[in-house]
Each structure stands twice: as structure tokens, then as C-alpha cells.
């Protein structure tokens, strides 16, 4: 059906509570921008509610409040892989639609997960961005002994760690000649100043390091600042990772890195709330079904096992994977503003 | 000399949270005056001085400094006007050295100031290490430093609020010498004290405050000691004289307390014993080590040698709570620091030392109420009810409650350290009455005091300490000020003559 | 000379030297000029916060709103830089913010007699909330490269100009607190408030100024943060209050008031920020970061306490012994 | 003076807090009637329980003249310890919980002993403790070899249901809270131990001279707060069904806020369990009510901060007029 018609019929007035892991983080705020925009166009309400401190207990509180407030759907990026299961199950029992985005809970504690990609895809993407940059720099990743390290937020964060794991596996398989100089990884606790400190220390302690991968939106700019502070550029050490284009653009312009990536988080936010509203209206949506999302396109519900091989596959619960992830570099960065 | 007074107070009133402390006080200080102010605890002496110094604001009345009315006084204004108050409780900066304490805020050339200080110290013949941290000073030394602070400021008006309460005889007499010199230089001095003898020694004018009002004023020469006492006391109160019963024989009484050759920090080779119903006085000048002896016995410090027996049980080295349990208790000399729980109720204060003696795990409110009623009546405590905060009581009543606290633990032996320090004349009599009552119930009592009159009035027998050792003992009729005074200063004038003991 | 050896901050300086020495023997690349100065330069934000806060600590008070103040200051700085506001104007505006926050804290503590930990706990929450009100929860990004570069200009490979600026600030503070009466009055009031009143020190003014100094310190810290980090999250500066307090304490400033000097805060800041760096050099996982911080804090405080207690006891015993004939 | 007047005078601040609590409930009820459903209102307790539990014991610490900013970190330490014991070592969950309580107590004992023996600033030591214990929590988790980020979950039903279930409309956690309030009230206000806590807080030296072993009293308050933090950690673990090392890290300031709002003096010697209990409810209800009425969580610090300052000013004026 024509998109315009679809939008009118979808006027639902549903209240969707959209929960980030933590408030005040550019990534989640951008997701909210996307969510709000699609909500306005489609005629449902999105209430964004996050706690400045990322903790399970805080998220449980927010979800409980959402339930009591009479929300029609809750869409959450979970701080913890299992800690929200019970509160979300009880929300579903009360007839509330539950979806997750960005970071999942147990597959039976929600209906749909809107994923930025599988951990495998993302881990691989991180490594591949590094490989491309190394090549640009004149290295030969296939044969050179590349020394590298990971630098991100914490050991306790589920998604970043799973990307690191798959990335590490990918390296072992494809680049056995690479050497991880810090198998325990470096963490900077989402503290921007600490990210710079740790970043500087990595560069000083491993003066011959080739590649630093930062799968966290605070660690990447911190590491890049550390590069600058140490007088290094993109042809000295390769740094890459995930962060929003706006936070890295300057470093690109100053030749501190070649490329970094992310997915279009605005699309992810929009998709998460739109699907939530769609389900809350009572629409059936089973594995294998597709639906046309205004402004985004057709998406398909996949089996849970796409994300987590151990998850159970059931008919009415599944995963939507974002159609694409973006690698930002000098050629395309000006097309994005978030 | 000009006719304007240095300081004049007219109808000064001041209340603290609704309680009127000063009810229209007049006072004037001229050049060359030494004005003594006496009055019971809580009469408002210190409050009045703090108003002059600008540390408190007055509610009503007029403050005139050298003929100029000052509406709002504050300490820096007072200092500019040449007024300085040596406070009753030393207010030094514990983390600064003595020198920094003396000079902080003092204008002028540092070298000259230091020279002036050294001259003053020479004149006074006081021995103080200027580099010591104030934290390590004893109360007496702190008081000396406070006085020095006042002297180097070369004030026109010097207020001394009980400066001698813990000074030695020598220190006091050199201070008096200096005061006389300052008086000749035309400085006005206010001198607050509880010791009547000092009034006659140093002051030319006197003001007595009672209950926030002036009850007597004039030239010192116009009055006798008896007049002053009358001015101090509320109408129709009789002072009963206490004196130990000279002929009481304790030989048959049980020895309840025995100290055998103990040595520790600040004392050496101390021996004495106390019998049931006996009051033993421990006399000495401040710094003789008496408090250290008492505190060590009470489990607060190490006893390095010797033994302490309480009713034949060895309590050497036992903890305070065990010692209390076994029947010894102690009334400390520093009431504010060691005696009272200022923001808690009278009831809680009284039972503080006997909690362990209550059965079970709960506080027994009945015991508490009974204790309160008993001691209120017996010790003549003036209070509203059991829940009144002790901090709101007068000093004398606080001291009675501290004693009640120790008595409530039913001690067989009680040590009282400076039991009437900073307590006014009326309450002092009550405290003496309490002590004799206890004696009559058979408690063995050790009274530590720097006040010789007190020692003489109360004690059946007295030992004196000088520089950490016992240097003499007096019994019965030999307990006189004349005998004690040389002993406490370490002058072996009189041989221990003691016909009864042998 | 004796004074210097006795001074409290020397202990922390010694610890730094020993610690750096140990790390250097383990991994010699730690002891390069570049790395040492990077470590020092990296402590600049904590240093300036600690300098401001030390005034409050001298008084025996505390200010736990510095982290939030720093965050708000950094946020405003960032917003204005993005808007292209003149740098001097930014500096003045943000300084004014610090002063206003200091005045509010100071009024609460001085005139309303609210205990400082409670007052600043309250304002901490309010200020942190304000950051969300101002930004709507968004990061402030896209600060001029030029502005960011300001904090990185170094003399050769050594110290940054902003660190020198902070050192000058510390020096001025030190001289003021050491040689002027008003400066001395901070520690004096912390040592004995009544005593300070007696000798005519302006107690209330001192308290007000201390909280203002703390506000100013953290607002300058906010500006430096914005320049150093280049993007400002709404949680910027959170937890900085505790780290700054720890830095001051490690540097020999007592929370009871009256003790220490601003240098202690500066030195403590270097020590605190060097921990996460040291872990990288010795190859320990950064999970041990806070374990080590905690242990170090406790060990230092406990050692100092034992040493102080011993020496106080020794003095007491000497005094008592000297009395006995 | 009549008995009623006596008690209203004695418990004036607690009454004011209670009225404030009722007023908040009424106002929020008018704004959003759902708020008044028993299920909803009582259910909200589950979400701020840790603060309530811990602040009851931290009241003891403050009354004894101390300060405790480490309790929050003990929550995470306990949670992860219990989780590891249960998952890695196969210890029965209840035994593990009991060991967790002991761990919390030992953590308190550690800081409490240093504070009481060495007379150091409690704020500094517990600040050190908060770094240390949260660090240890992370360290033991990473040493245990399990993937840190996966956390520990899948606890037995019997364990989780204790902290999730209800008796009628009343959540079990609310019952736990009431029991704790009563127990702590008796301990602090009726027993000899509680009396000693007060006396030690007012004047440690006088307490010592009265035969009170103040070292033990001071240490014990930190042990109590460590144990209650551990209990909070267990409650959270059960309620959320997962064990994490960073539980409780953000609780420090709210705990102190609740204790002080409840009328406990931060200089020792004054305080009341009922005050703390009601104050922690006031804060919880305020936060819950505001967010139910659409105020975003990130702004909630503002009203709490204002409440704290304003109520202290009010109390100051009340105290002034009383005398």
C-alpha cells in the first residue's frame, strides 16, 4: 500500500517508553532523535526515559514506572543481559509490548530485538576497518606482524565485549601473524579524561603498536586525542572503532585516523519504536514476516539464533537486523549529522 | 588623665534563645583600673566580656568605647580600639606553633614583635617553647599562651577571663606583677575570677554579677571577703562549713583501695591506701602528675610497675569498664571534654556509667527514672525533667550530674579530680555535701584538688605530690594550708609528723 | 629546611617518586620525559579542582558539588565555543558561574548553617540536573579545533601552558595562604573557629570566599576539561569530587581542617591520575584501578595517622617523663 | 505537659516528614490516580529498597560520629560474591547469602577498625573503602575466569521469589523493610547498645571514661552498615535475578541524603531510625511520583536536592523557635 495511506491508518496514540542504557550519551540521544521523528510522523507518542547512571536497578525502576504509567509498549537497550528479564516478562504479562534495541535481554523476555548487527558482523567490521586503514598506511596486514590492542569502556558491558570476542576470533582465523599486546584489554570506564590518560599510556608503553580498536564512543575520541597529544597521526598508529560521526569528524580532518564506523542509530531508534507501536496495535508479526517501515524500507523478522546461537527459536519472537552499518571516512562523513 | 572611661556599658541586655542572661548591666573601666568581676557560674561574666569584644551582639543597651557609642561591635573593631579578651577556655589554633598562635593577626614588624614577646617572657620568667605545636600544650600552658597573646597586642583594655584557673602559684604571682606594671602604664584591666583572695590582691574595683544583674560594685577597699560572699549568694542561703572530723579513727575500717609502688607516665613510685569511709586528699600544683595517676589507675594509660588493689582484687592494667565493674569510678577534671554528654538528656548522662550493671540487653527506663529522682533530690540538682539536655544546665548542676553518674555505678572507691573546678560557691557547697554523704556510706574517696582550702576542708588525710612523686603525708590536725603549701612546691619544710599512724 | 621536610605534602611527593621509580624499573619506557610530563599534564583538571577545594578543606568543610559544577562549566564552555563566542567572554561567563555556585554554597553553609556536606550534596544534585536541562541530555560536540588545541600547547615535549597556568594559580594561592593574614585565616578558621573570631578574623567572609574559590576552581576545571576532552557529556565530572578529595587527602590536607597546603592537592592529583596509566605500563588489567586507588588512599592515611599518633604520643611521654624528678 | 504533646514535641521532625509523605502521596494521587492503587504504590518500594535498608544502618554510623560512603560499594561486592559462590563453587544459595552477609560485615569491620583505632577521618577511610571494595568486586569476578560481562544469573526460583513476591498487595520487600525498621528501632532506641552508640557519638572521651568500649561501638556501627549493605546486595541480586559487581555504586549520595533528611546529625549524637525510614520513603515516593507524572529520570536529582536543602532550612528555623 502507498506509504501515505499506511501512516494515516497507523495513527495509534500509543505511548511508547523508549529506554536507553544511560541518558546523556550522544549515541542514545541520536537514537531518540530518530524515534521522536518517526513518532511524530506516525502519530504515536515516545517518551524517552533514561537514568544518568547506567545500572540494572535504575533500568528496572524506569521500566516499573513505565508499567505503572500505563505505557503501551516499552523498548529498551538493556544494561544487563539478564537483569531485566523478570520485569520485562511481567510487563508482557500485563499486555504491554516489549522490544529491545541495541542491547538485548533473554530472547523470551521480549518480542522483538532491533539489532545493529550480529556480534559477529560488528566484531568483524571493527577488525576490517583496522585492516583497511593499515593498508592505507602502507602496511601489509596479511604478512606483517601487526601489534594491536583493544580499548573500550568496561569488562562488564555485554555488547562491546561480545564484539571484542568475535573480533578476536576473526583475527585468529584470518591474521594469525597479529599480536595482541594486551589480551586483558584496556578500559577507561566511559570517563573521557581517563580515556585520554589510558590512550596516552598505551601509546607510550607500546611505542611500536600498530592498531588500537576502540569499540566505545568515549574511548575512541579519547584515544584519538591521546594520539594528538603524543604528536601521532594516522600514518603512525592506526586507530579505529565505533563512534558517532560528529564526535570524530575533527580528528579525521586533522589526519589522526582514516575511518571509523557505526550503524545509523537514528534508523535503529526509529525502527525500534515503530515496530513497538506496530506490535502494540495488535498486529501479528512472526518469524519470516516482512513489513514496510515508512522512510526505512522493508524489514524482516529473523530467528533469535541469528544473534545468539544458544537462543531458542520461536514463532512470534525474533530479531530484526539493521540493513546496513556505515563506515565513515573523508568521502562520506559530510552526509551524516548525528 | 582624661575623664572618659575606656569602656562603659549601659544597661546591656542579652538573651540566648529566650533565656535572659544579662538583664541590664552597667559597668565602667577607667585607665589604670583593675576591675575584678566575680559571680557564680552562669552569672553572665563571660557573656558580658564577649559582648565588649564583639563576639556576641548585645540585644539592648549601649556600649561606649572611649566616649564613642558603638552600635555594632565585632572583634576586629574591638581590636582596632585596643581591646583584647583572653578567653576563659583557651582558643588556640592546635595545628599552629606557639609563635604563630601568638602573632597571627598582629600588625607591625615581626622582628620587633618577637623582641617584645621575648622581653615579656623574660619579665614573667615563664618558660615556653615557641616552636611547639599548640596541640601538644597542656591546659595550663595553653592558658599562658592565651595571656601572652593578649600582652603582645599592647591593648589599652585587657580582659582576663579566669586566667589563673589552672596556673601554678609562681605563674600567678608573676602575672600579677605584670598586671601591676600594666596598670601603671594606664592600661585598663578586667579581671574575672572565682578566687576571692585574688580580688584583694590585684584589683582596685569590683563588680559582682548574679543572675545577669550587678549586685555589688565599688572600690575593693570598701569590702571584706564576707561582703563579697554575700553579694555572690542568693538571699537567705546559709553556707555550712565542712571540715573533716579530725578525730575519726579509721584503723578498724577495711582497706578498700591499695596502691603499691606504681610507676607510669608522669609519675613514679606512688603508694597509698584508702579505707572505707575515708577521704584521702591528693594535693599538688597543676602538672604534679595527679591526673596521670588517677587516669592510669582508671585504665586510661599504662601502669609500668607496681600494683593497684581494689578490695583486694588486683586491678592493675584492667580496662576502664572492668575497673568500673569492680567498684572504682572517677570524676574527671575536664568536665566538658571528659565528663558530660552535652546534647543528651540528664537521664542518659546519669546512667552512662552503669549501663553494664543493668540486666538484659535493654535500657531499663525504671532504673533511669529512679536514679534521676534519687539524685535530683539527694544532690539538690536544679532541672526541669529527666529529658532536659544537660548542656542547658548551669556548670554546677552539670558537675553534680557527672558525680551522680559515677555514684550510680555504686562504687566502693571514688576518685574526684578537681571536683569544683569552675563551679560557683553555692554549687561548691552542694558538691562538698555530696562528698561527705558518700563518705558516710562507707565509700573510700580520693579527692584531687589544686585548691588547698578545698583539700583542707574535706580530707581526713592528705598526700602531696610534687613532680611525679609523693613527697609527704599529713593526717588529721596536721592537714593545714600552712603545712601543705610548702609540700606541694617541693619544699620539705616539715617532716612527716604523724603520731596516729604509728 | 626543617619546615620543608616536615611539611605534609612531601610524603605524597616521595610516594610519587618511589612509585614512578618502581614502575620505571619494571618498564623503562615509563620514565621518558614525554611520558612523565604527559602524566603531569593529564592531572591538570584535578589539580585545579583540588586547589579550589583545598580552601574549603582548610576550613574543615567539604564541597561535593565540584564534580557537577565542573560538568556544568564544561557544558557551558562547550556550548559557547560552538556558538563562536569570544574566548575571553567565555572565560568570564564560566568564572561567573563558578562564583555564583560558590556564593550559593557559601550562603547555605555560612548563613543558613547547613552542614557543608549536606548543602553541597543538595546543590550537587541540582547542578547535575541543570546540565540535563541545558543540554536536554545531549553531548556538546564539535568544539573548534583551535579551542581544543589551547590545552595542548607544550613547551617542547614537556609541560603544557595550561599546567603552568595552574601552577601559577597554585603558587599565588600558596603565597596568599602563607603570607597574608586573610590567606592564613582559612586554616586558622578550620583550626579553631572561635579562636579565629577572637583575633578578629572575618570568619563568615572566609567561608564565603572558600566556597567561591572552590566554585571558581571547578569552573576553571570545566573550561580546561572542555578544551582537553573536546566533547562534553552530561556526566562530565561526575565522581570528580571524590577523586579530588582523595587527591587532597593523599597530599596531606586533613578533612578536619587547618592542615596542609595547596601543593598537596596538586601532587595528590598527579598521583591519582597516574594510577590508570601505571597499570598500562606494568601490564595489569585496568580492573585493578580502583582497588589500587583505594588501597593507596587507605595505606597513606593509615601510615600518616600512625606516624602522627606515635609522634604525639612520644611528645606526651617525653613531657610527662621530664616532669618526674 | 500532656503525653500527646510530649510525644509530638519529641517526634516533631518525624511527624513533619510523615505529613510530607502523605502530602506527596495525595498530590501525586490527584495528578495520576493510578498512583494510589495499593499495588502500584506499595510495589514502588521494591525499586528503592536498597537505599532504605542501608540508610537504616548508616544512621547508626552517623550517630556514633562517623561517616560511611562505602556502603554502596559493599552492595556490589556482596552481590558478586554470592553469585560466584553459588555458580562457581556450587554453594547453596542460602548459604552463599549468609556468607555474603559475613563478607559485608568483614568489609565494615575492616574500615571500622581502622577508623576507631587510629582516629582517622571516617570520610577518608570509607572513601578508600568504596574504591577498594568496588575494585575487589571487579577483580574477583575477572579472576574467577567467567566472562565478566555475562554476569551471573539463573538463580533458583525460591531465592528470587522471596524478593519478588507479595503477600496480598504487600511486596515481600516492604515486609522486610518493616521488620528491619522495627528491629533497628529497638536496637538503637531501646537497647543498651543503642544508648552507647549515642553516647559515643556525643563525646567519645566521656563515653570511654564511663566504661563504654568506644572502639567496639564505633567499629560495630560500620559492621552493621556493612551487613545491611550486604543484605541490600542480596535483595538486589534476588530481585533482579542477576549478580553484578557494580550494583549499588550510585547509592552513596542517596543514602546520606536519606539519613540526614531523617534528622540525623552528621556530627554525631543525634538521630532517629523512624526519621530515616520515613525520609527514605519520602525520597522514593517523590522520585516515583514525579516519574509517573512524566518527569524524566535525569531531572529527578533537582527536586531531591531542593527537598534536602529546603527541609534543612525549615528544621533550622523550627529548632530556633523551639528554644
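Per-chain numbering from 1; labels A, B, C and D assigned in written order.
One rule holds for everything that comes next: a contact is a pair of C-beta atoms (placed from the backbone, for glycine too) under 8 Å apart; a residue touches a chain by one contact, two chains touch by 3 or more.
A quick map from chain label to UniProt name: B = Autoinducer 2 import ATP-binding protein LsrA; C = Autoinducer 2 import system permease protein LsrC; D = Autoinducer 2 import system permease protein LsrD.
Since the structure is predicted, the reported quantities are computational estimates derived from the model, not experimental observations.
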item: Most widely separated chain from chain A, with each centre as the mean of CA atoms; value: B
item: Interface with more contacting C-beta pairs, comparing A-C to B-D; value: A-C
item: Gap in Å, rounded to a whole number, between the CA centres of chain D and chain A; value: 35
item: Centre distance in Å when chain B and chain D are each reduced to the mean of their C-alpha atoms; value: 44
item: Distance from the mean Cα position of chain D to that of chain C, given in whole angstrom; value: 29
item: Where chain D touches two or more other chains, by residue; value: 138, 142, 148, 296, 298
item: Sequence positions of chain C contacting 2 or more other chains; value: 128, 132, 137, 234, 285, 287, 289
item: Interchain pairs in contact, sorted by label; value: A-C, A-D, B-C, B-D, C-D
item: Interfacial residue positions of chain C with respect to chain A in the complex; value: 27, 29-30, 32, 34-35, 38, 41-42, 45, 128, 131-132, 135-139, 141-142, 145, 148, 152, 225, 228-231, 233-236, 238-239, 273, 276-278, 280-281, 283-287, 289
item: Chain D contact footprint on chain A (complex, rising order); value: 23-24, 47-53, 55-58, 60-62, 64-65, 68-70, 80-86, 154-158, 160-162
item: For the chain D and chain B complex, residues of the former touching the latter; value: 10, 190-196, 198-199, 202-203, 205-213, 269-270, 320, 323
item: Chain A partner contacts - residues on chain D that touch it in the complex; value: 32, 34-35, 40, 43-44, 46-48, 50, 138, 141-142, 147-151, 153-154, 160, 164, 236, 239-242, 244-247, 249-250, 288, 291-292, 294, 296-298
item: Complex contact set, residues of chain C against chain D; value: 62, 64, 108, 112-115, 117-119, 121-126, 128-130, 132-133, 137, 234, 242, 245-246, 249, 254-256, 285, 287-295, 297-298, 301-302, 305-306, 309
